[in-house]
Each structure stands twice: as structure tokens, then as C-alpha cells.
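These are the structures, in C-alpha cells.
Each of the two complexes below includes chain A, the first together with chain B, the second together with chain C.
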Partner chain A sequence: MTITNVASEVIGSVWKVEMNVGDAVKAGDTIMILESMKMEIPVEAPVDGKITEFKVQPEDSVDEDQVLCTIES
Partner chain B sequence: MNQSQLPETLEEKLEELGQREEAARQMGGKDKIARRTAAGIMNARSRIDVLLDPGTFSETGLLGVSTVFEEDRDKTPADGKVAGFGLIDNRRVGIVSNDFTVKGASSSMTNMKKIGHVKRTATDRGFPLIFLGESSGARMPDNMGSEGMGTMLGNDPHQYVRHRETPWVSAVLGQCFGSSAWYSCLADFTVMRKGAVLAVASPALASLAIGQKVEPEDLGGWKLHSEETGLVDRVVETDEEALAEIRKFLSYMPSHNGETPPVAEVPAGSDEAADHITQILPDSRKRGYDVRKIINCIVDLESFFEFKPRFGRTAVTGLARLDGRVVGMVANNPMAKAGALDVSGCEKVTRFLVMCDSFNIPIINLVDTPGFVIGIEGEKKKAPGKIMNFMTALQMCTVPKLSVIMRKSYGQAYLNMGGGRNSDSVAVWPTAEVSFMDPQYATEVVTWGKDASDEEKGAIREEMERNSTYLGLAQIFAAQSVIAPQDTRKYLIEELKIQQLRRSGGIGRHNMASWPTTY
Partner chain C sequence: MHNRELGSEMSDAGKKDVAETPINEELYFRRVAALEMGGKEAIERQHANGRLTVRERFSELTDKESFREVGTLAGSGEYDENNKLVRVTPAPYVAGMARVNGRPVAIGGEDFTVRGGTTFGAARRKGGQGGFIEDLAHYYKIPLVNLIDGAGGTVTSAKRRGYVAFPGVHGFERSVQLLGEVPVVSAVLGTAAGGPAGRAILSHFSVMVRGTSQIFAAGPPVVKRSLGRDIDKEELGGAATAVDKAGTIHNAADTEEEALEQIRRFLSYMPQNVWELPPVVPCDDPVDRCEVALRDIVPEKRTQPYSMHDLIDLVVDKDSSFEIQPTNGKSVITTLARLDGRVVGIVANNPKFYSGAMDASSAHKQIRFMELCDTFHIPLVFLVDVPGFMVGLKAEQEATLREGMRAVYVAGQLTVPTITLVIRKCYGMAGMATCNKNDIDLKLSWPSGEWGSLPVEGGVAAAFRRDIANSDDPKAREKELEAELRAYASPFRTAEAFAVEEIIDPSETRPILCEYIALAEGRLRANLGPKRKAGVSP
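Let's turn to the complex of A and B:
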């Protein structure tokens, strides 16, 4: 069982969270959408698994490399 | 060896020679080597063995030692740097591998002569040069005092000159101060192992100098160099990975600048991948995407070898192949700063253009940028100068340059990304959006001080948007082709054939062969 941290690649804020804790994800699925410099930046699952925790919520500011959520696989 | 028992016969002399050579191959001794092996770190000779094609290493200067101080003669096998020649994928290379178990692989008279020899031979005879870096810098106290300095340093007026005759590669595999650091900066491709340190001088010395403890990672660790300085192209976890990356890099390069890169086989499925582009490109112009996914749909399967992925992330640069032939990919990444080019992005692309042009590698621009990042931070980093360096480099290229405008291309960045006559041929996707300024800002500029209502501004903005489409470029032949995204691979392969430098056998004029390596 491994925990994968899903990190932000941009500086921006959380716009929409498309999934819930406990949801199953496949690599490539969009978990949430960030806003950065007026662009919508999708955050994709890097691995298959189950979402175990969200560390941010809509309207939170995020930094590059900040952990957004965790996936258990 | 007892003076009274000098070998007399040839047989005796050969036996004695064999013993000396065997002793020299032990490097700093079994204990030191064993400690490194236990820590999972390779040594100077095992690195060479793994890097080169098996059995191809021909060493030069095995019996070189330090003769500066008599007591060092027996303590400096190969004078701390193992040098010679060999083959990688059956192609000739020159190699210098630092032996940290011998006086920290510090530089001194004999080993500098060895480096000079390998360097001169590789440059003049036309093959790549590889430095496996791990060195404490110049040897103390050999170089101390005015006589030490006069003897050791400054005697080669061309020591640090690069005319990019052949590719140089450097691996940062431990502490790299002094010569290992210099050659890492001069190289065309530098790979760093996590935990290694690249700096002018050691943390110990730095701590002494500033009276504060300096952490190695802060001074010259992998994060600093892959994210802030950009002095390192790729980061790996182990020595073995570093060596594999060196082999991979060299597979994209010609042996010298008088030939074109080797042609590879095209992996099955490469053409089919092109159709996936439509799934990656969002419908909304506000939606970002990772341009590397698009690159991977266009180039031969798994051929994309990215340079500096964590530096200047708004741009993506890397070597790849199209139909088996090497190309240099330059793209804006809408994931980072909406694809706006910042100073680091400019630096990264400029350096990449210089390398590709110097080694006869055609350049392909994939464009989706709203322009340059504006603001005080960029200006403090000399943004206008960096933008101009970028333009100068682009305009000095003589390799074929192709440009595909995928979505946005605004303002000066339109030129930097190969717009107009800054490419040999420009293609646009129907989703292309080209103008001087984003209509939203442009509306403000043109209505400045004119007391325009929101409705009037809206109308002006919409008119501007209508006039920013691909048609404007296509109809006045400012773009040479309009293509569907899924046809990009086919288009580029064909256009590269058309733009091939036939009259010179694919060789460019190398206007930037002497371009500085860091700026």
C-alpha cells in the first residue's frame, strides 16, 4: 500500500474540486482544477488508486510543489 | 623496488611494468573502494566500465603520478584522474573519470596534462568528450605560493574555450569543486546525481569564508541547480542512471559538428499516436494542458528527452526524433504561468537553440503563449536583455527552423517562438490566436482616456477577437500552411524533408559555436 502525494505544478488557487474522499481514480483522471494566471489548470492523478485526503479546498491559494491531496494504491 | 635489483631482461622489465600497472589500477586502495561500494557509490573505474561498450576502454597515462612532492609519487595512482578513450554504441568517445579516492581527485600537473591530451584529441579528431565529475578542486599545497600558481595554473591559454566542435558531457557524481564544476558548466549536457554538490568551492571553505555554517544542499545541491540556476540538465538517483543518461544523450548527437546526428529506427505505433492530440487539446482556450503530452503525440514514440524540466517551466525544451531523425523541440507550456515566457524560460530556450544549431539539429517550435511575463521581478533579472539574447540566437540559427502555432501567439513572443520569417516555414492550427496583445488588455489601451462604456469596450474586444484567428495569417501568407492538429506529425516530417540542408549535407554554418555557456 503506497501513499502518493499529488502536488501542484503551479502557483495559483483552487477553483473546482471534481472528486471526493474515497473516490476511485485512474491515472490521468482530473481530480481538481486550479486557477493560475487566468488559466484553468487541471490536476491529474499520477497513479491509479483511491483518494484518501484533500489538503486544500476551493479558493485556497496554492504554491508550486504544495501537496493538494493524497492517493492510496 | 630495490635499486640493486633493476630488471635487466625484457621479461623482467615487462613483469615489473605489469606490477606497476596493477598497483595503479587499485586507485586509492581496497579499503576506500570497499567503503564506496558499501555506500552504493561507484568508483572512477567502475563508472568507465559501465558507461563504455564492454572491453573498449583504452587508458592513457595509467602510470602518471604526482611528482611535485617526492612523498606523493607513491600515493597518487594515475594522479587521481583516469583518462582515455573508448566506444559508446560503437562510436568513439574521450573520457576523464575523477578518482576521489586519490587526494580527492584534485587537479595537479600530471592529471591536467592528461585532461589536455584527451580534450585536444577529441576536439581535433572529432568525437565527444565525457567528464565524470567528482573532485575537490585544485590540489593543495601543490598550487600554493606564487611558484605553485605559476607552475600549476594558467599555462593553457585555451583551457576553457569552447567552439563546440564536438559534444561535451558532464556528470556531477559527488563533490564537484574547481575543475569538475568548470567542465560541468562548459558541457552541452550535464546530469547530476542527488546528494552530489556542484559549487565554486566546498561548503567547509564557504563556511570559513562567511563565518556561518553553509549546508551542502544550499550551496550546490540538486534542487538549487535543477530549479534555480539551471546549470544542470537532468537529475538522477544513482550513478548507474547518470551513466545511462549520458549514453542516451549521445545517441541524439553527431560525433562532431561536421556530421548530422545518427538516424534511428521508428518505433511501431508512432504514427498512430498523432491522433491522440485531439483528446489532449482542450476545447476552451482558458483550459491549460501539459504541452509535453502533445509533444509525445507528435514525435517518435518515447523519443522525447527533456532538458531542464524543473527550470524555466513555462518553456519546454528537449531532443526528440521525427521519422528517426533528431530534432530539437521548443514549446510553451500553458501549465506554467499560462505559457507566458519568463526570464528562466528565455534562458533555457536560448541555450537549447545554441546547442541544436551547433550540432546540426533542426528546431521545431510549438507555440501557445500569451506573451512575456511582465513585472518587476523579471525586469530585475534583465528581461529585455534575455529576450534579445533569445532573438539573436534564433536569428543566428542556420539549421532548419519550423514553427507550429497551436493556440496563442502574442506580441514579441510571436517572434521569439519563430513567427513570421523567424522560421523557415510556419504552420497554424485552426485554434491559433495571433495578435499584438490579448484583446482584454488591448481594449483598455485603445480606449485609454476616452470614457468608453462597458458595452463599447465589449464590442471593441469582440472585434479584436474576431480578427485574431488563423485566417489573418493564412490569407496574407504570413503562415505557409494551415493544418489540423492530428496532422502535425505528418506535416513536420514532410516539411523537414523539404527544408533539409541539401547543399551542405545537412551541416549548418554554426554561427553560435563560440556562444558563451552561461549568461
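Let's turn to the complex of A and C:
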């Protein structure tokens, strides 16, 4: 079992979360959409696995490199 | 001195030939000593650390059998009481000329297996921070390749010399001068600090290997002594810091072989020197290839990003793009590529990263790339989707405004032809950094193009603050004003005024760009030679 932290590449805010804890994801799936510089930025799963935790919710502000959720694989 | 010739000398037949004349016996003995480098054990250690020896690197990088060594015999000889040679330790630096992609280069690199590649005191420096190899590149106007794997000066050299040297070795000015004359490339293939680290930066393209190479102004022991902090050398100066975060080194590679391949690739786009044009290669990708996919690559919804990398690949010659600094300053993409076999530099904003907004790191990256292309007569194509400078506290603390204006300043000084093609947004001062207003100032646009001093959203809120606040329904009033102003934002209205020169069908992008780049050749030829330095950049 490895836990992968999915971090934000940008400063912005969480617009919507597209998945739930426990959902299976494949690398490249969109987990949530951030809003940054008036643009919708999809956050994609870096690996295959299962979402174990969300560390943010809609409308939260996020910083560069901030962990958004974790994936177990 | 040919490696291959020496190999055959070492066969039995060759040995017999040279053994017949005593003078050649000594030459043979000394050449073999040079090839043995720091000895079997040191070579094994080098390999165990996941690294090649300097001679293996040369044969990996250069065309087969093309390396002609200079200074093979330089080193320290040990003699017995009758002055007979007992042993030679070769100099910790190997140099010579070779061919890369069929064209000559000057090449040098430290031999880490000999005294850790430390600076070598001889009558004349072989190379590294100025020496024979840098002079060879200067006088023969050929590219310089530095393979860096050495610790530079050590405090023990003061003991040998009897005094401490003043900073700045003689010959360093040559390394500086070369940056305006010939392509200089460097690979960091070990742990580089001090002088060798500085030398890696004095280049037009630099590459390092993830996991086996590090670069810093000073290593962990100095950090510990100066700041009392423990830090591991990979964290301090590995590729994650030096390439991805800082942009100190341009590109990272996963293996030494890949790093050397990147150097071959980079040099394939470069002329031999600033008095020549970059090489044109035959192209089997049709010039008139129209890509219908480009018509709907930009999403209708203005807030949705798309892949600028895909867009570039659809336009340029198949498999011809080579991205510089792909992991740093990611809101802009800088790529060397070809259009109908001719080299172009592509500067493209990346809507997937901060909407393509220019921040300090992407400004640095764009400036360096524009200067590279300008120096080596490579025309620039700007694929524009920039909403402006990056905003926010962090951006202001990083001097985004100043760095961004430097990009505008450098764009305004370009002497190579530039083509600006607006894909979507082109706003404000960051938009100014995507064209050369002092020149013919050729601006094309796709129908999806939009521009102005600042985007309508946000702009309306600022300019009509009182109007909006006094309205019965401020939200609705803001929307109304936005809709009114957006009508003026049609690119066709600007084309009516001939303030963009042409709006093109996206599918025609490749044929049109190929034509302009072919046209640029006469102009480039008329402006060969070194570029004038101008003024104080902001």
C-alpha cells in the first residue's frame, strides 16, 4: 500500500469536487476542479487507486503545493 | 591520439609495430596510462555511483570514431633515480574535438576518477573556466560542450601554490565571451559546487541527471557551517530544486545517456556560430498540411483550458519539437522546433497553468529563450493566450511586474523576425511581451482571439465601481456592462481597423507559418553576426 498525496500546482480556490472518498480512480481521472486566474483547472489523479481522504472542500482557498486529497494504491 | 587507433595499437599486431621503435614505446605507454584514467578501482566506483567515465560520456555523445584528443599526455609523471618514467597519473580533465550530428565541436570534461576531477595545475589549462578547449571554440568558431563532474578548486591548492588565488581565474572572460559567439552547452553529471557549478550556468543549454547529479553555490557541509542546518545534497541541489523549482539548470534527464542525447538534440537546432544560420533539414511533413482539429481545440467556454502542447505538435514538423525548461515557469512553453525543416523558437502561453499568466519564473524563462533565439538567428513564433501578469501577494513579492517588464523590454529589442499568432487571450503588458512593436509587428489571430488592456471581467468592476454600486441590482448591472463592452472585443472589429494584420482559419496555421518562416531566411541572412548589447534592462 502506498499513499499518494495529490497537491495543487496553483494558487486558487476549490470550485467543485467530482469524486467521493472510497471512489476508485485511474491515473488521469479528474478528481476536482480548481478555479485560478478565472480558469477552471482540473486536478487529475497521478496514479490508479482509491481516494482515502479529501483535505479541502468547495470554496476553500488553496496554495501551491497544498495537499488536496490522498490516494491509496 | 584517436581512441579507435589506440585501440588497434593495443592489439598484439599494433603492439609489435610500436615496440620496434623506442620513442613510440614511450608514447604508447603514456597513451595507455591516459586511457586507464584513475585506475580500475576508481572506474568501478564511478560506475557503482550510476555514472559513466568521462571517456564513456564522450563516446556516447559524439559521432562514432570522431573524438580527436588534445592533451592526452598531460598529467603527472613519476620517475625513478635514473629519470626513467615509472608511472603517469593523467590530468583530471579530458578534452579535444569531435563531431556531433556530423558537425565539429570542442569538448571537455573532468575525469572524476582522477583526484575527484579537481583543478589541475599545469603550464596551460586544458579547459574548464577558460583554457585550451574554450580557446579552440573561440578561434575555430565551433560549439563548446562542457561535461561537468568535478569539485573545482580545493583549499589544498593554496598549500601547493603557497598563496591563495584572488577570485576569478584568467581565461574565465573567454567563457563569458563565448556566450555571444558559439553555442555553449553543459551537462552536470556529478556534484557541482563553486567554479564548476558557475561554469554550468554560463551556457545556452544545461542539463542534469535526476538522482545522480546535484548543483549548488555551496554544498551541505558549508550550509551546516554557515546556517547550522542539516540538509541532504539531493534536496539542496538535485533536479527537483535546481531544475523544477529554481530553473538554475534548464532540463533534467533520467539517465546520463538521455542527458547526452538532449545535448545532441539541442545542438541540432543551433548554427555553429553567430556568423551562420541554423541548419535546414529536409522535411517530409507536408507544408500544406491543414489540421481541421485545430478549429475546435479552443473550448467555447472561456474558462476552460486546453492543451497548448497538442496545439504546437499539430502545427510544427512532425516530432520536431524540443522543449526547453519543461518543468519550470510552466505558465509559458518554450520550444525549439522546425517548420518545413527550418528552425523556429516557439513561445506559447500555457492555459493549463495559471491561465497562462506571466509570473516571475515564466518571465525569466521567456527572456532567456528569446535571447537564445535572437543570438542564433532563430525566428520566433508566439502562440498567444495570456490574460496578463500573474496577480496576488506572492506574485508581487516575486517582482512579477519588474520581471514581466524585462520580458517586454527584451521582446522590444529582438532583431530576428517574429510572428505573433493570438490563439485566445492577449491582454495588457504581458501581451506586449508577445510581439515586437518596434519591428514589422506582424500579428495574426484565430477567430477565437480577444485582446485589450485588461479582460472585461474584473475590468468592468474596477472602471464602473460607482455605477454598479448605485444600481438597484449591482450584479445585473455588472453583467449588462460586461455584455456591452464584450461586443467591442470582437477580433473582427480590430481587423477592420487593420490593427491585426490577418485573422486566419486555425486549420491553415501550419501552411501560413511555414510560408512566413521561409520568407524570413533572406532577412536573417542579412543580419548575421554578433548582436549588439543595448542599455540597462529593467
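Definition applied: the second predicted complex is superposed on the first by the 73 of 73 C-alpha atoms of A that agree within 3 Å, B and C clash if a C-alpha of one lies under 4 Å from a C-alpha of the other, contacts with A are read in each partner's own complex, and residues count from 1 in each chain.
Note that in this section a contact is a pair of C-beta atoms (placed from the backbone, for glycine too) under 8 Å apart; a residue touches a chain by one contact, two chains touch by 3 or more.
Worth saying up front: this structure is predicted, and the values here are computed from it rather than measured.
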item	value
Chain B versus chain C as contact partner of A:E18, first or second or both or neither	neither
Which superposed partner A:E72 touches (first chain B, second chain C, both, neither)	neither
First (chain B), second (chain C), both or neither touched by A:I41	both
Chain B and chain C footprints on chain A, overlapping residues	9-10, 36-42
Residue ranges of chain A touching chain C (in the complex, touch as defined)	9-11, 35-42, 64
Contact footprint of chain A on chain B as seen in their complex	284, 286-289, 313, 334-340
Residue ranges of chain C touching chain A (in the complex, touch as defined)	303-305, 330, 351-355, 357, 387, 390-392, 394, 455, 457-458
Parts of chain A lying in touch with chain B, wherever the complex brings them together	9-10, 36-42
